[in-house]
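Each structure below appears as structure tokens.
What follows is chain A paired twice: with chain B in the first complex and chain C in the second.
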Partner chain A sequence: MSVAEAQAAELSLERPSGLWRDAFDRFRRNPAALVGVGLLLVLIIAAVFAAQLAPHEPNQQVGPLSTNPAGPGGGFTLGLDEQGRDVLSRLLFGARLSLLVGVVSVAIGLSIGLVFGAVAGYIGGWVDTAIMRVMDLLLSVPSLLMAIGLVTLLGRGMVQIMFAVGVTTVPIFARLLRGSILGQREADYVLAARSVGVPGRRLLLGHIIPNSIAPVIVQATLTMATAIIEVAALSFLGLGPGDPSLPEWGKMMADNANRLESAAHLVLLPGFAIVISTMGLNLIGDGLREAIDPKLRS
Partner chain B sequence: MALLSVEDLEVRFFTRRATIHAVNGISFDLDAGETLGVVGESGCGKSVSSLAMLGILPKTGRITRGEVRFGDRDLVKLKDADLREIRGRDIGMVFQDPMTSLNPVLKVGDQVTEVLRKHLDMDKDGARREAVAVLDRVGIPHASERVYDYPHQFSGGMRQRVMIAMAIACRPKILIADEPTTALDVTIQAQILDLLKGLVKEEGMGLILITHDLGVVAGICERTHVMYAGRFVETAPTNELFDRPRHPYTLGLLRSVPRLDASQKEKLIPIPGAPPDLSILREGCSFAPRCPYATDESRERTPMLEGIDGPMHRVACWNPVPDAEVATVASSSLEASGS
Partner chain C sequence: MGRSAKLVPLLLALSLIAAACGGNGGEGGGEGGAEEKDATLTFGTSADPVVLDGALVSDGESLRAIDQMFEGLVSLEPGGTEVAPALATEWEISEDGKTYTFTLQEGVKFHDGTDFNAEAVCFNFDRWYNFKGSFQNPSASYYWQTVFGGFSDGKTPSLYESCEAPDETTAILNLTKASASVLAALSLTNFTIASPEALTEYDADEGKVDAEGIFGPTGTYATEHPTGTGPYKFESWTRGESLTMVRNEDYWGEFPGNIGTLIFRPIAEGSARLQALQAGDIQGYDLVDPQDYETIEGDDQLQLLNRPAFNVGYVGFNQKVKPLDDVAVRQAIAHAIDRQEVVDGFYAGQGEVAHEFMPPEVVGYADDVTQYEYDPEKSKQLLEDAGYTLPVEIDFAYPTDVSRPYMPDPQANFEAMVADLEECCFKVEKKSATWSPDYLDNVDNGRYGLYLLGWTGDFGDADNFVGTFFQTEQPAWGFNNQEIFEALDEAEVETDEATREELYQEANRLIMDFLPGLPYVHTKPGLAFTANVSGYQPSPVSLEPFSIVTVE
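What follows is the complex of A and B.
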């Protein structure tokens, strides 16, 4: 190593940086991920400022009732629906619902899944076998089918839907965290921590889980996209929120599915909104995966 | 009374396929301020014995016999919670690979303070100050700033210093160092050994140094145990062991170390064959299949450690290497491989 190289190495050692900072640097240099962030920002801004951005109330009748409603352009940016409501306003308020169901259902799935995964991975033995077989069972049922079943069982409504979709994501998180923990459980630093008397609980929560959580964070982003689609799908199938006035994107599509020829914008625009938001989340998830992949760590 | 006294320790691993007889009855005493060497090839049970003493064997491993007396307590019989109090506070351990033995997502300061807060009931600030002092003690420059750095920002040698800081933070009476220099450059090795030597001298710790490197042992250990297939086959004051190895295995080890003062023609003599399969426990000396001095007795009855050339030098062998032969081979190994 030359003197210059040695100094460079020394400098890079001195630079204040952590694992997360390094990951952030890699993420920032990934153009696809940045596009994803942009799309997600659009969704978040729409959701948060729906009331300010929307020209009208989502359920306010601002035009004539019509079987052949006005398309985009004209007086209303994105046109009207058959009940004379402003489509742009409904889409903006719909962003609230989609973001909410994405976050809440993933939060439900994540918290249940993490507990199961941590217990299975750390305790092992028959506890592990029992938990993981149940998870396999859940995974073997198509998630949409299971969500349909749960909604039928629990009744219609936003809360029930979010719960149903959340439950279908439990096995994904449980399996992922368990596998990750198994990889870390026998790591040298865990042995070293045990050698200085760190107790089991602290070992799991303070040492093993922080080292196992990265792939779970990635998966959570990707699953949020799936959750948004699934909720839209449930609505489309008529199992959506009971309140017919809620501007849920999937329901907006379902309500107008038979007007695809006469008023295509009523079906295409909500579909487009779904695509934008899920694509944003997927791009972010992939970017995160590349940024914090343990194989890239040094 | 000895600080730590291990008596007939036996460790087995119970896997689905086989039972591994990893440690087959080892005994030794460690005094305060003493440095004890344990040498042997990889897989001979060196590391397993130290993990067993601390009660941190992998799940399949169990102590099946023997005791580990520390003060008036037998560590083998202690409950895990009580043992946890002793680990880190009374007995510290340093591991082989500093690159993987520190938690990558925790700042090094936090890893040292964790030990202090657990055992010494310190508050956050007190533990932080003490951690800086300990890191400074083990030779980390600018310790007060570096506590906020992550392990990957340290070099291998510096990480091993952090590891040592974790192990000695609570001023334990005993330090077990399992191949502490194996993963390091030669120059760094010397620094780390110096540090350990200094700690033993100044803090009066008892040090158990586990290594496969005879040079390391020669440099710092007063007594050395040679381990083979889960047993001690020879134990002697280090000088004596290097001057007059009496077990054929010890001799073989010394002969397979390159020496600086050897003439060009002199060849290294490797030990033929491979260590035995520990899943099968045979009668007889486990070194017999590789031993040029083996007799019928060696193959039939397991030899016990017995005094030879005085009570301090003990060897487990039915047919020890004759003194005359030893003298020509090993006399200069000590200087050659020592630091």
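What follows is the complex of A and C.
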């Protein structure tokens, strides 16, 4: 081993420092964030392995029809619902729906929002003004109200609902990315890159966006939690998926709201599932924010 | 045919005794023990009344309140559907069935002190007959139009011809054609007699239709001055909070109960009504959710009462939607649905499986109609024999945001039936809409194939059930079967009771062979009271006076 090689090996022992590496370290040392990761893992495992974990099919009748279905314990871990279906199985398959809803609607909002935000922030001028005024307009409508309007317009299907909820998140992402890009546009490294002739498109995609994306990721995590709640709220208001047998958590709660007295588990368990998953996402989001936010960096 | 009431002199005597005893202040009391009539009862209703004018309402909560303050010419036996005397002590129907002569109760006064007499009766009938403009809106005078048809403007023919008052106690009702169901219909709360003076003074005949087509009176009669002859008088009404009525001290009839102040409080949610009852805020409520039956029956402090089953819940088939025009498909659907399981599961022991479109209590029910037992194998066989490839595609709709006595939880019924249908041999496209106005509008205009619906009888006559559904071609059913239409026409006008019963039985057999829909349940709707309330008499048509109720 030559001296140079030894030196190189020695150097590599000292970890290269950088934004993501530092952020990861800070995140790892944040107990609340780790709890969030745990909760999210529960949600993901439930969603991915629903078919393996669930003792029954979500719509399979395994007990008698009843207005006063059996509660937790007995032959069924979490009891039965009024159609004689296994509540545990429905909750597990419901996790699949909720996760799908969260991911898809945020993906829709994020991709549309990113395009608008990047264009507005990078081009600036009247394009910026036009896009941002439209975003302000959208932001001024309460998101649930807008989602209700869109679902009424588009019809009551799972796809329409995800789209409606996704659209309501567009202005949030657009504003965030635009603000972030404005901050980066005049940074020294951008000026340097520009001065050596890096073309605009590569400058935007290769340098500015990657450096502006951190707050957007934080926001995406938090928005995913909001999306799950919003879809549940839509279902609760009677605008959920048209098929009543889908095991959507918000719908399960709404269907059984008048059974709080006689079969509380039918309302509390889906509610608990919503709380767990949104709390997990919120804890992760907060942890990420603390880890990434430059102002918090030492 | 005539009927006389021998009960009336006795009632008069009793009320005189009661009045005499009432004066002694109650110390020691009399033998009857019901002289102190100063108890208060608060009753939880599902909604506010719309208005307090019987001629202008068709919803149960308005009718419940109006029932306490008003009386009609005839009533129904407490807890039954037999016509009984009320303001008319007896009546006679002419040979041709077109003239009804009522002998009226003497010495009756309206709450405003004016006399009740034959002129007052005719004033009311003429008022209904002469309704104009917005008062002819179906949301206003629904029951007049159902029973009597048109108005004095002659746009549609009317069953009503005229009312005569030859003397104080004789009112003669002339009809344009014979009708066998009109006497029972006169027991409807909608045809109760109001004080002509109050109607005039408080502008009962002024009203308008709002942008959504809903009628509302603009005079103060129906909201502040309803004036009848009943055992209770109007006291005050704060919308959304309470309607207060007090005992009519000058009531002509019997008042065996002890409730001097009667308060109706609207509480929308069934579970909230139960909580109010448990907390003692109310002493009784209507429309108990089936899932709460167990809680109430298991509580010593509460009691559960049930009305006789006087309704029918059914799956309607719209034959304009293929393949429902094929009787084999309709039969296959009937055999594929396990009605017993639905009734056992969702009606908490208060339901029975229906085999006809009217309850067994109604005259004209046939015991020998074709029955469709649960047999999915037979369904498959029927469909395959008719040349269909399984699964057969159908669409099926249910209403949201509603609870009716015959379907407390429509979605639960729907999901269970869909599961049965899909397990057997159908592929179901699931549809839903809010009950009012979308769902009913869609059903009435034939926009669904299969749909959940039901009916609660207004009075004890077969015409009020099968006649309502199947006497004419309707978009909801989408069929034109002259044999059934004619059978029902013939039965409706028949005045001989035995023949009429046979005609309706025959019609029921025809209907259940043709299978225009699948009736699946008759239920006994539940009422709850605290244990110290006694005397309440549940009625199949919800004609339930509080004047016979006692609170300990």
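Please note the rule applied: the second predicted complex is superposed on the first by the 278 of 298 C-alpha atoms of A that agree within 3 Å, B and C clash if a C-alpha of one lies under 4 Å from a C-alpha of the other, contacts with A are read in each partner's own complex, and residues count from 1 in each chain.
As a convention for this text, contacts are C-beta pairs under 8 Å (C-beta built on N, C-alpha and C of every residue); 3 or more make two chains touch, one makes a residue touch a chain.
Since the model is a prediction, treat every value here as computed from it, not as a measurement.
**Student:** What does the overlay on chain A give for chain B and chain C, a clash or a fit?
**Tutor:** fit
**Student:** Quick check for you: in the superposed arrangement, does A:259 touch first (chain B), second (chain C), both or neither?
**Tutor:** second
**Student:** Could you look at A:276 and tell me whether it touches chain B, chain C, both or neither (first, second, both, neither)?
**Tutor:** neither
**Student:** Looking at the overlay, does A:210 come into contact with chain B only (first), chain C only (second), both, or neither?
**Tutor:** A:210: touches chain B, not chain C.
**Student:** Which holds for A:44: it touches chain B only (first), chain C only (second), both, or neither?
**Tutor:** It touches nothing on chain B or chain C.
**Student:** With both complexes superposed on chain A, which partner does A:199 reach: first (chain B), second (chain C), both or neither?
**Tutor:** In the superposition, A:199 touches chain B alone.
**Student:** Once both structures are overlaid, what angle do chain B and chain C make about chain A, taking C-alpha centres and a multiple of 10 degrees?
**Tutor:** For this superposed arrangement the angle is about 150 degrees.
**Student:** Between chain B (first) and chain C (second), which does A:115 come into contact with in this model arrangement: first, second, both, or neither?
**Tutor:** A:115 contacts neither chain B nor chain C.
**Student:** Identify the partner contact of A:189: answer first if only chain B is touched, second if only chain C is, both if each is, neither if none is.
**Tutor:** A:189 sits against chain B, while chain C stays out of touch.
**Student:** Is A:59 contacted by the first partner chain B, the second partner chain C, both or neither?
**Tutor:** second
**Student:** Kindly classify A:244 by the partners it touches after superposition: chain B alone (first), chain C alone (second), both, or neither?
**Tutor:** It touches chain C, and chain B stays clear.
**Student:** Would you give the minimum C-alpha distance from chain B to chain C, in Å, for the three-chain superposition?
**Tutor:** It comes out at 53 Å between the closest C-alpha atoms.
**Student:** What residues of chain A sit close enough to touch chain B in their complex?
**Tutor:** Of all residues in chain A, those touching chain B are 13, 17-19, 124, 186-189, 191-199, 202, 206-207, 210-211, 297-298.
**Student:** Can you name the residues of chain B that touch chain A in the complex?
**Tutor:** 51, 54, 56, 58-59, 81, 84-89, 92-93, 95, 97, 100-106, 111, 114-115, 118-119, 150, 152-155, 163, 166-167, 169
**Student:** Spell out the part of chain C that touches chain A in their complex, as residue ranges.
**Tutor:** Residues 269-271, 274-275, 289-292, 294-295, 341-342, 344-348, 398, 400-401, 408-409, 411-412, 414-416, 418-419, 430-432, 434.
**Student:** Name, in rising order, each residue of chain A that touches chain C in their complex.
**Tutor:** 59, 61, 64-68, 82-84, 238, 242-245, 255, 258-263
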